[in-house]
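What follows is a single structure, and I will ask about it in a moment.
Think of it as A, B, C and D in the order they're written, each chain with its own count starting at 1.
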Amino acid sequence: MNTILGLIPVEAFLFCWILLILGLKISGKNSGGLYVNLLLLGVLVAIGLVAFPAPNAQFGDLIHVNALNRFIRGLLYLGTFFIVIQSSSWLKKHDHAAEFSILLLVVLSGLGLMVSTGNLLIFYLGLEMASIPLAAMASFNLTSKMSGESGLKLILSSAFSSGFLLFGISLIFGLTGTISIAEIPVNLANSTLALIAMVMIFSGFAFKLSAVPFHFWTADVYQGAPMGITAFLAIVSKSSIAFVFLTVLFPILSAIQQVWPTVLIALILLTIFTGNIFALRQSSLKRFLAFSSIAQVGFILMGMLVPSEKAAVSVLYFLVVYMFSSICIFGVAQWLEEQTGKDSLSNFKGLYKENPFAAWSVALGLFSLAGIPPTAGFFGKFFLIGSGFQGVSVWYVVLVGLNMVISLYYYLKIVKYMFMNEVIEELEKPQMALPLKISLGIGMLAICFLGLSNWIVNHLSNLF
Amino acid sequence: MFTPATEAILIPLIPFLLFGIIGLAGRRLPEIFSAFLGIGGILASLLFSLHLSVSYFSEPVQGAFVLKEFFSFPWLNFSENLKISIGLVADPISMLMVVVICSVSLMVQWFSLTYMKGEERFQMYYAFLSLFTGSMLGLVLSSNIFQMYIFWELVGVSSFLLIGFYFQKPSAVAASKKAFIVTRFADLGFLIGILLLSYETQTMEFKGILDYFKSGNFNPEVSGIWMSHSLAAWALVLIFVGAAGKSAMFPLHIWLPDAMEGPTPVSALIHAATMVVAGVFLVGRLFPVYSLFEGVMQLVTWIGVLSSILAAIIAISQTDIKRVLAYSTLSQIGYMMFALGVAGKAGAEAGFTASFFHLFTHAFFKSLLFLAAGAIIHAVHSNEVENMGGLRKQMPIVHWLFLIGCLAISGVPPFSGFFSKEEILLNAWKSQPLVYGFALIGSGLTAFYMFRLFFLVFYNKSHSDVHGHESMGLNFPMLLLAIPAVFAGFVPFSSYVTSTGLPEETHLHLMFSIAPVGIGLLGIGLAYLFYFKQNSLPEQWASKLSGLYKLSRGKFYFDELWRAVYQIGLIRALATPAAWIDKNLVDGGLRMGAEKTLRLGDRVKLIQNGKLQDYVLYFLMGILALILLTLLMIQS
Amino acid sequence: MNQELLTPLLILSAFLFFTGVYGFVTRRNMISMLMSAELMLNSANINFVAFNKFLYPGKLDGMFFTLFIITIAAAEAALAIAIIIHVYRQTKSIDVKDADQLI
Amino acid sequence: MSFLIPLLIAVPLCSAVANYLVNANSARWIAAISGFIQLVLSILIWKVYADFRAAGETAQFLLTAHYSWFPLWNINLDLGLDGISVTMLIMTSLVVFSASLLSWNVRNDAKLFFSLLNFLSAGAYGFFSSLDLFAMFFFLELAVVPKFLLIGIWGSGEKIASAMKLVLMLMGGSALLLTGLFVVYYGAGGNFSLTELASNRLGREIQLVAFPLLFIGFGVFTALFPFHTWVPDGHSSAPTAGSMFLAGISMKLGAYGCLRVATYLLPDAAVAYSPYVIILSSIAIVYGALATLMQTDLKYMNAYSSISHCGFILLGIGMQTKASILGSVMQMVSHGLMTALFFGAIGLIYQRTHTRKMEEMGGLLKSIPFLSAVFVIAGLCSLGLPGFSGFVSEMTIFVGSWEHSDAFHRVATILAAASIVVTAIYILSAIGKVIFGPIRQASHISLEPASFVEKLGTGVLVVAILFMGLVPFWFTNLISEDARLIMNQFTLLMNP
């Protein structure tokens, strides 16, 4: 069944599902709960389809389906599933839950295409399929000025960065005559033009990944968008780009491999440092998460310094860890935001006294992001730094390490808020809904045991 | 029944065990029971030590008394050949010391039974006394210089605990602190000396050290030269610093007078008879090594002379009965010290014997004097001679006992002090007449201030308001001590204790004795004139010699000097800057770094101003920078 | 094929691209900014077509890419305009400088 | 017997979980029992170890356990013990046992408190028994963040600022450590195994890069000058058990790392850098002692004195003779026990007097004789009195340092020795002010006497200190062979 549909059953299923929801909407069903459940079911089926063992296959050089990108897809869908659970109470109340579900499913199929691409065209297609609906979702709080502005900034700046990306791709095409990722490195000669093209492509990636100095949209968009979308942007969207960076951009960039690590380490340091410094003094919770996620991107990029199996495994492993850690934090953050109506770090104050479970969830997530054992984040960061180590001078790595100190400061500040400060205003409902609790519980377990037990790393290293 | 080795072990072990038992039981033990435990234990130690020394002195090896090791086991291995072994040895001086320590300690504990009655921490007092006695016995029996250092520190700490026994009295606390810190400072010298010496000899055993130098292996060129003296010489100097600290030689003597804040029986035991002579013992133990170094011996001599003279001058003007005795102790130890120093010269080797002879007699008469002073203080409830006077009537027995002590220390024949001091002076004369001159003056001063004290306390003006009384509990131990204070001089000392270990004949030079005894009597006479009856002579002479009087009264301002060294040298010049640097530079730098980072965080927030087009400009700049950077790197 | 036409076309596309960039950075009007972004995308289109036509005439990759870009750009424009209208409803302004609530 | 070490690590971990799940009162019982089990286990481990040695076992590490962890990275969980680690385990379990008992009165979420405490001890056991650099680093880091919570929640004074400072500085050290570990890892062609790294010596160039990173990284933990400023604030803000753990165990983690990783694996660099190590540690010793003189708060005093005492450990390591290394291992144990006892005594006194300022106390010997005696014993041990552990370890370091006959080493030794005089001054001043003298506050006349649990908690440490001080050969016999193996690395260097 070597047809494109056979290759992408998930996309096919999602498409049908979109039609189903659309049909229901048109037929006038307007219950938010129904659509949320349908959405969850759809994502769950998608996860099942991805997890179902299938042989590797490819459709020309357009689409590859292999264990690796099935894994990343599963991860993306799983993340989405958690995020939807966590924002379901928000979504149920929203008038346009059906539209939201459709958009989200489109994004998922776009991301799925993007990560299984073998060709720059499909990559671009998937990328835009994912990012255009996201802009709409970012402005989904229809009454909020901020939400609108957030969508605006996302769509305009992403159009701008797409311009660079496409121009770069077009130059590459001109130089090599191919847009197949496998063939480009073979045909690409070293020239100034190639270099400019690659920098342009890179900037497109860096924009999506929010690496400094292409990161400016991140904080604004994160802050304005609904919390669920922020989480999606920070977790799913970022992970998929990081994965594509690894599989698409890396081979292309091999042409400038001798200078690449040095350039990238400068960018990494800039990214981590900027993310950390900006995160230090934020009072808005989402902006804070935005900058801290920027700093995390710096660490992910450490895995891109030297191409090796270890590096690839490290990046993937970190993505898994990063997803679970973020889910633990975002879930509670969203829960708090709904109750207090404020997007402020002080939401966390005294949380441990009100709901220890939530406090531990956030604390473990933060420890994991900060790289503190025994959380999985420790292992993730260790492997990332280790895999990037050989490419650059020792002192850069020391600087990266010292930045972990700065980041620990602001993570611990939140831990302090939760454990050592008094409650400012009491929550109306200090108890959580069960699904949310389960999602946080799974996240916490994952954080605790993904590093201590080695199966996921072993599994990942078998994928290559 | 007991082998000598078991006896030797038991001698220090019994007090140590008793310390553990009494200390742990604490108040649960009835007072009287703990006292009897302590006394019984020390009595056992005394019997063992008497038996041990008798058996030691009755079995000379080839006619000589040699260093005999009972046992030794490795306690702490530093490296293949350098280790601390815990062991016990016997030689003439350690046998001598063991007997002295046990007997004085027995008397003191007995005395304390009455003296300390009703004290709140009575049991702890006995525990500490046992600890001290055990440590002191361990010190003198040590087979290893490092082991000696261990016990050296232990006697220091037990002295600290006992001086500060009245812990609620701030002066006592200060005094105990001072005593420990000053001796600790001196012990630093001792420690470094040990390190230097053991590096040279590659052993820490006394036997090994003595053999090393005896065998002529020593070569100053190999040992290393620093400031034109060999390192071995420096090691001995440093060890002497430790000895001087413990024995309160100038200028490290300042702790001893203050140490009188402790209970008086403690002063009698620790600060008169035993611990303070540990320095003399240490130099004596290493005497064969010291005698190889002429310069070091000169140092020992002159420090001794200086101490004996200065302390005597200070003692003249003091009004606290215990302080007078303390300075006199200082002065007498000075005698012992320079006696050792002069013994380095050929012909004057008997100085060694003299020194230990004096140590022996001094232990008895000085502890007698202290206990008597204790009895007086017990009756008068004051240390100041101002509040005494005319006590002869109330305390007749103490009066006679005190007189015996004074006569002994003044060197009046036939009391014990006469014989020992005589021999010191004789050897000083043989070695260095100048030393002899000073010693003679010192002996006159001694007689003067002791009888000054005697007259001021028992004669002079009388205080009718003092209801002095005597008790047998206090007097009996003193009476027992008075016996050796009178008769110890007749012991044929030189047939047992000599620098070579070979017994020698004792010669008494009657002609030579005329000068010292004469000057002693002169001192007594002067004291009689000045102080027997209340008169204005002391004031007159004090104003005539006002300069010297002030110096003496002010104890040559050594306390002030040390306080200045401590305050300016340590606190102001070192500690304050260190604390300041730590707070403001090291920690301050860190804090500033953290603060600057936070400030930076505040400032950069403004870069993100919400203007989309500015963001895009940064984007463009980023691309440009990347292109330039990559190009430049490829070019180069 | 006439290779000489390639260079002018590339110059044109570069010109378009930088015009787009310039417009995007300087125009206050959100619609104009969107149009500038479209210019950038179109300059890439020109490149693709020109390269395909003159350098790799045997292939269709560039052509297809162009088609996709056009489609996506249309979708993008549609959504962007929708969002702009949405913003306009709330702030009564389509000046990009007024959209700076998020700081 | 290889299950013993994993068991020792697992006991506190299980207890940590159990503590958190039960109520506060059961939590303290669980903690105390778990502390006791740990103590028994560690002594059992020593017994088994000694039996193996007595049976002529010559392998460097015994009781080894091996678990594959991340094969891709060649990372394994290798556990094993030599004499040095055995002593460290015993020291740790003693301190943990005592700390759990002395925290009997912790209020305010006692279950979390004991849970964190057990978590910390699991980290320490793991660190001391790891034979893989990654595992070591893992366990080391494991014991960092719980400290933040311990100090921040149950501390006193400027607790949050202190906790933050402590954790951030330790994390800074870890950052250097991390880099250093990777230098070693890649230098050895991808290997973290301690034993393999020791037998295949790294190249000199690599060693020269790795040593400062590793030594400073571990050094931060053990208050290497000038990275010591977390010590005073952290120790004095921490709750009693926290201070005991921090000063007693946590600082030893760094010292052990300096010895086992930096010095043992990188002997060439250790020789090359030894002057710097000696200079820094001498500064720490003297400067720490001098700064202590000016402290008025008891906890600050002991914290600064810890800087000075830990300087001795690093000095011993820097001197690189067998005796000095022996001495520094002994000092690790001795300082661990002694400073824990000191902090314990201070904490118990503070509980009763509600002040730690020396000038506000006085005459406590009258009102709380037992605790005062413990305080005096800890003080006397700190100033190096014979009979206590501090003396033997310091003297061994001095004797070891003295084996170098050049002026530089001699001056450093003399400076270090001089500091013990300063130590005597501040310890005795503190005793004089706090324990002796008249009672200064009416409320201090009658204070609650020490409870049985408190007596047991302090008594255990007192006995241990005395044991080590009186029977040091027990120690030297246990570890001298291991010190010799470490020294072998240097002798190989001299005769290539």
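What we mean here is this: contacts are C-beta pairs under 8 Å (C-beta built on N, C-alpha and C of every residue); 3 or more make two chains touch, one makes a residue touch a chain.
Quick caveat, the model's predicted, so the values are computed rather than measured.
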Of A-C and A-B, whichever chain pair has more C-beta contact pairs: A-C
Most distant chain from chain B, judged by the mean position of its C-alpha atoms: C
Whole-Å separation of chain centres (CA-atom averages), chain A against chain C: 26
Chain A and chain B: spacing of chain centres that average the CA atoms, whole Å: 77
For chain B paired with chain C, centre-to-centre distance based on mean C-alpha positions, whole Å: 97
Rounded Å distance, chain B centre to chain D centre (Cα mean): 36
Numbers and ranges of chain D residues touching at least 2 other chains: 168
Residues of chain B touching at least two other chains: 608, 610, 612, 616
Chain A residues counted as touching two or more neighbouring chains: 152-153, 156, 160, 164, 219-220
Complete list of chain pairs which touch one another: A-B, A-C, A-D, B-C, B-D
Footprint of chain A on chain B - complex, ascending: 597-598, 600-602, 604-605, 608, 610, 612, 614-616, 618-619, 621-623, 626-627, 629-631, 633-634
Residues on chain C engaged by chain B in the complex (per definition of touch): 21, 24-26, 96-97, 99-103
Residue ranges of chain B in contact with chain C within the complex: 608-613, 616-617, 620
Contacting residues of chain D [partner chain A, same complex]: 68-73, 134, 137-139, 141-142, 144-145, 148-149, 152-153, 160, 164, 167-168, 171-172, 174-176, 178-179, 182-183, 185-186, 209, 213
Residues on chain B engaged by chain D in the complex (per definition of touch): 26, 74-79, 82, 146, 149-151, 153-154, 157, 160, 164, 167-168, 170, 172-174, 176-177, 180-181, 184-185, 188, 191-192, 195-196, 198-199, 224, 570-571, 574-576, 578-579, 581-582, 586-587, 590, 594
